[in-house]
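In structure tokens below, several structures.
What follows is a pair of complexes built around chain A, which joins chain B in one and chain C in the other.
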Partner chain A sequence: MTVTTAIIGVGQTPYRFQTPELTWPELAQEAARRALEHARLGVDDIDAVVLGLAPSALVGVNEAEKWAAPAVGAAGKPYLRVNTGGATGGSAAQAGYYHVASGLFKTVLVVCADKVAESPDAQHVLNAPWDPLYEKDVTLNAINMCAFQAVRHMHKYGTTERQLASVAVRSRSNGARNPLAHLRRPVTLEEVLDSRYICYPLKLADCCPRSSGACAVVLASAEVAARQCARPAWIRGLSACTNTYYMGDRMGPGAELDHGDCDDLALAARRAYEMAGIRDPRREVSLAEIYAPFTSTEIAAVEALGFCAKGEGGRLAEAGAWDMGGELPVNPSGGTLCANPISATALVRVAEAALQVMGEAGERQVPGARVAVATGVGGSLQFHTCLVLAVER
Partner chain B sequence: MPFPLVIAGVAQSSYRRSGHRESRLEDLIFETCSAALDDAGLARDEVDSVVIAASDHVDGRCISSMLTANAAGAYCNDEIKAADEGAFALVLAALRLLTGHFRTSLVASWSKPSESPYALGQNLAADPFYHQPFGLNHVVGSALMASAYRHRFGAADDAAARVVVKNRAHGRNNPLVEEVRAVELQEVLASPYAAYPLHALEVAPEADGAAALVLATEERTRDLDARPVYLRGMGWATESYYLGERELWRFAALERAARRAYEAADIGDPAGAFDLAEVCDATAYHELLACEALGFCQPGAAVDLARSGTTAIGGRLPVNPSGGCLSAYPVFSAGLTRVAEACLQLQGRAGARQVAGARTALAHGCAGYAGQSHAVFVLSGDRQ
Partner chain C sequence: MESKPEILTIPGQWNISYLYAAGVTGSEFLRRLRDEKRISGVACPRCRRVILPPRGFCDRCFAAVEGWVDVGPGGVIESFTITTEPFLGLPDPPYAIAYVTLDGASTAMVNFVRGVDLSDVREAARALAVGTRVKVGWSRSRKGRITDFHYRLAKSKV
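Here is the complex of A and B:
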């Protein structure tokens, strides 16, 4: 039945505003090359390839995975693409896992790449998913959609703008230690609070940048992992959860899952923890890499992952519970607030979690990391992925 | 042996070249997915996986699954979307079930090309620097493939045209396909060129439609009241995007995909193993190349299959008894439609298009210029 599966190689390009010197397939190839090198494998050792690309409108080429097939070593191999919006990287990692855990393949390469700031305006593209008759015209996009979530969290729990700002301060401080991060300059609490509003309550420094970059991981069966890798990152649990598209259906008396919380992520996490045998995530998880494009998203996600009760996330963030050296470090890489190459971002979370349990995270290493959680979020905060990686099989 | 898995429910919308104009996309999806669950005798909350395949540019929205996933029953479920041909939804669903973490998956794909400029969308899928400006799209790519095939094998004008005559005749028996007119060989050859040497009638006409399946583990289906179809093997593969790097006269990726599927299903002689095949005939040449890559005949000999009537209903190996894409082409989801049709045949539910006594069938999906990417499934009414 289930073949035990691990991540044995991670490759990332540096994340930057733009990479005009590389086409999108070349960018994807660079991450693939680095992941193969890390796994000490050649491209011929790979049995199948999964490509993650969210809206291809950001890259500007429809079904661009076909264009990239030879660049990522997929020619002649089983190959498919997934797209779950921002969660694409998490879905791609899970699709790669299915390939290996099914027993049909021994080594699988998962590649994601994006060039967010090489479209005229990412938020124009991210206005295009919404209902053409009712929602597009009110300029709904990824920023104001998440701002709604932030306002609701503040309304329900009294979460403050200062608490949101503390998330940015920690992330940017962590990002300064990550040589791959797009934003590497730390910020102070005052700087965040003084930055201009993009959409209330989110200010410029509460928001992720638009990034170009690529990430790849090599997944392998236990048999190959034992041969290739001294300390693989074992995939111990995974799940995904899809919520309704309509944010209005997540509020009010009939709502089952509240837009202010990440109840959908909580469902995915519960299934992933169960598979991984985790009962008390706050104690058992060493660190989390959370896909949080905005400070407010992280606060709700931390609660959904069971690291604290609902409504406590803001206070604990400000108190430093999730700092490096704190109780449970969150986004030691600097997270999405320091780099957001959308199609790749959720895979970056998986890759960074893997590096942590492999003990190879360099300056951003959490000492003694045993269990790491990686999440992805996409759509109208409606697609959630959750993976649990661990040192032990 | 990881296989077989079981297809426990099948549903299709009708396929309309004139468009499903009275239905919104999400209605089309919802009705088809509901019908698949009904066919399996399951409620929405009795499946633990939803896998969909669709194209943003055909759906007319970026990240279209924001809207469509819930129409496909994904609410609060573990759902994933292949942004790839419909057949790849079945690939991903099968992989999920084979991990042992899932037991029952809804699988769905759809296309509503009546609401999108498909040819433009296919041009915008080309390399933006070199290939978009000279007008490469799916039809031009297929024409280059057809030229290479004709050159390689010295195939005559009528080779592909006969596939059109056959498939449209088949399509007239399929009530799910909007009525298609029978054509004579001369009419196909007299139709204007879509792109030389492809005649307009040799290019599959776009149609709106949706297909959905319920895939389950064998153990799960013990308590389901259905005529099971066994998925005994599958394979998929791609090759280079660059047409210049490929031998355009053959589907090399399909050869690899088929080898993998046949190995899993323990099929030694594909030419004699199947009672019917549903293949992606995006153009008439696609069917010829597919028959050869699938090992139904030697390279270059598919022309004879069409000429001799071997691939017509009543022949030794009927290909596309449903009428295929040449009768109605739900562009991005055609592969899942091929699977659904193969299932109906194996269950004896294919009505006027039924191949008598069908026990084992092959279904095939294809995407990309000149058949870059393929998926193939071996299906059977028998477990082994």
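Here is the complex of A and C:
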């Protein structure tokens, strides 16, 4: 497979609870400007812009891509808004890739920004996407949706609350080394286990925060990448997989894929690995940035990415296999558990994976990182994205 | 050195009302709940799945569904959660919800589980474990909404 496209610039704002000093478009622009500076390009060098924006109701300005257009350098250029809920940033990066890989565009700017905490309760907003006939009235939201996944994983494999807690401990320890992370205070296993239940089995410390912040990446053709960047992050493989809206279709005798596993992420990963020429991900992947808004989501995703067999994820998490300095570091940035600006979060995974293979991840750098995987998940755990970035083209 | 600038905030609110048409299939399902205390799924003529909650198509076969099949009133819990935190616009906690495969159905459907003591979350979680048998309970005043019914433990301790 010819590798056509690389990431040559990454820009992020710090992730915080709120960023009152910047409006949402100003926040988006901050990341866009930093990404362009990193790529050593001006806005006029960009051929097209992709904006990732998850439910507009989080920002509170309907279809806010209009508001952002001037801020992200879209004037005079093709411009798309992409939305797959939590997976938005992954889908936006993939849309950017399609632009460049098609040969129609040489440089594409992908920008995502969110301000999740300007409304008082994100779950109030996140109850709105559910089917009004059958599911909205039963209180569905992002937390109980993931609690259903966790309960099934625990039932099928004996995954424990202690194993879930170990994911939070590692993430928060990593986040403490990431100056951009929203939550930077490490937590102990006991602290996580003693935190109050939100939706059983998920406790407060199993859950991501509500964050504000923006992320942008510059994608470029091989020709531009070679000219602009000494060490681009080559996009070696990517795929996405979509499942039914109805979580109940993923349970019971008629289910093909189980809600307790991330089987659809496994399908996306398999296709991305095939494209990237990866046969043994556990050995060949240096690190992964996984979109896991809850501890339990990460355990299922690690299994889906082929880093271990189904049901082993909890035990290996607790044993430290995915720690910094462990066998295969997962979420060196601290991950979604340390910052969740929802529209941007999956692009943050891509950006952090890119920084790792560019060798520019600072204190959170995995030494000798050659291949990095970045995932996104959105909708009713129904949209999955997977990208494989590498040092070698 | 300039002092820290004052940041103003502008209040806003979305409050948009809708009347969602439930369609022929959804309306028939909800009418049966309201008028007949029956839970019915739709059958896919190709894969033979009995699909709940009902919709006009089988997304796996990409085919229109044909005919109704009564399911329940017993079923088995596929997953559950107990919410102990208040959320804006949602009921006061604690409450339990579960995906249940009703007898005769191929897929699971979510609803509240009533009649379980939720004062101790871990104990309640054991009572609601995946695989537990439940039965359907009915609201006295039914409105053609999904909340016209709920689940109860088949062997209720209460």
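Keep in mind that, in the parts below, the second predicted complex is superposed on the first by the 390 of 393 C-alpha atoms of A that agree within 3 Å, B and C clash if a C-alpha of one lies under 4 Å from a C-alpha of the other, contacts with A are read in each partner's own complex, and residues count from 1 in each chain.
Operating definition for what follows: contacts are C-beta pairs under 8 Å (C-beta built on N, C-alpha and C of every residue); 3 or more make two chains touch, one makes a residue touch a chain.
Note that the structure is predicted; figures quoted are calculated from it, not measured.
**Q** Would chain B and chain C fit next to each other on chain A once aligned, or clash?
**A** With chain A aligned, chain B clears chain C, so fit.
**Q** Looking at A:His124 after the superposition, I want to know if it touches chain B, chain C, both of them or none. Which is it: first, second, both, neither?
**A** In the superposition, A:His124 contacts chain C only.
**Q** For A:Ala57, select first, second, both or neither according to whether it touches chain B, chain C, the two together, or no partner.
**A** Both chain B and chain C are touched by A:Ala57.
**Q** Which partner does A:Thr244 reach: the first (chain B), the second (chain C), both, or neither?
**A** It touches chain B and chain C both.
**Q** Of the two partner chains, chain B (first) and chain C (second), which one does A:Cys199 touch, if any: first, second, both, or neither?
**A** second
**Q** Touch test for A:Gly252: chain B only (first), chain C only (second), both, or neither?
**A** In the superposition, A:Gly252 contacts chain C only.
**Q** Who wins on chain A residues touched, chain B or chain C?
**A** B
**Q** In the overlaid three-chain picture, which partner chain does A:Gly85 touch, first (chain B) or second (chain C), both, or neither?
**A** After superposition on chain A, A:Gly85 lies in contact with chain B alone.
**Q** Is A:Leu140 touching the first partner chain B, the second partner chain C, both, or neither of them?
**A** second
**Q** Figure out whether A:Gln163 sits in contact with chain B (first) or chain C (second), or with both, or with neither.
**A** neither
**Q** According to the stated criteria, A:Gly378 is in contact with first (chain B), second (chain C), both, or neither; which is it?
**A** first
**Q** For the superposed arrangement, tell me the lowest C-alpha distance between chain B and chain C in Å.
**A** It comes out at 5 Å between the closest C-alpha atoms.
**Q** Which residues form the common part of the chain A surface touched by chain B and by chain C?
**A** Common interface on chain A, chain B vs chain C: 57, 60, 62, 131-132, 244, 256.
**Q** Contact residues on chain A for chain B in the complex?
**A** It comes out as residues 1-3, 23, 53-57, 60-70, 74-85, 91, 94-95, 97-99, 101-104, 125-126, 128-132, 239-245, 256-257, 264, 267-268, 271, 275, 378-380, 382-383.
**Q** Where on chain C does chain A make contact in their complex?
**A** 5, 7, 9, 12, 14, 18, 20, 22, 26, 30, 49-53, 59-60, 78-85, 87-91, 95, 97, 99, 101, 105-112, 121, 124-125, 129-131, 145-147
**Q** Spell out the residues on chain A that touch chain C in their complex, using ranges where they run on.
**A** Per the touch definition, chain A meets chain C at residues 20-21, 57, 60, 62, 120-121, 123-124, 127, 131-135, 137-141, 143-144, 147-149, 151-152, 155, 196-202, 244, 246-249, 251-256, 259-260.
**Q** In the complex, go through chain B and note every residue touching chain A.
**A** 2, 50, 55-57, 60-67, 69-70, 74-84, 88, 91-92, 94-96, 98-101, 121-122, 124-129, 235-242, 245, 252-253, 256-257, 260, 367-369, 372-373
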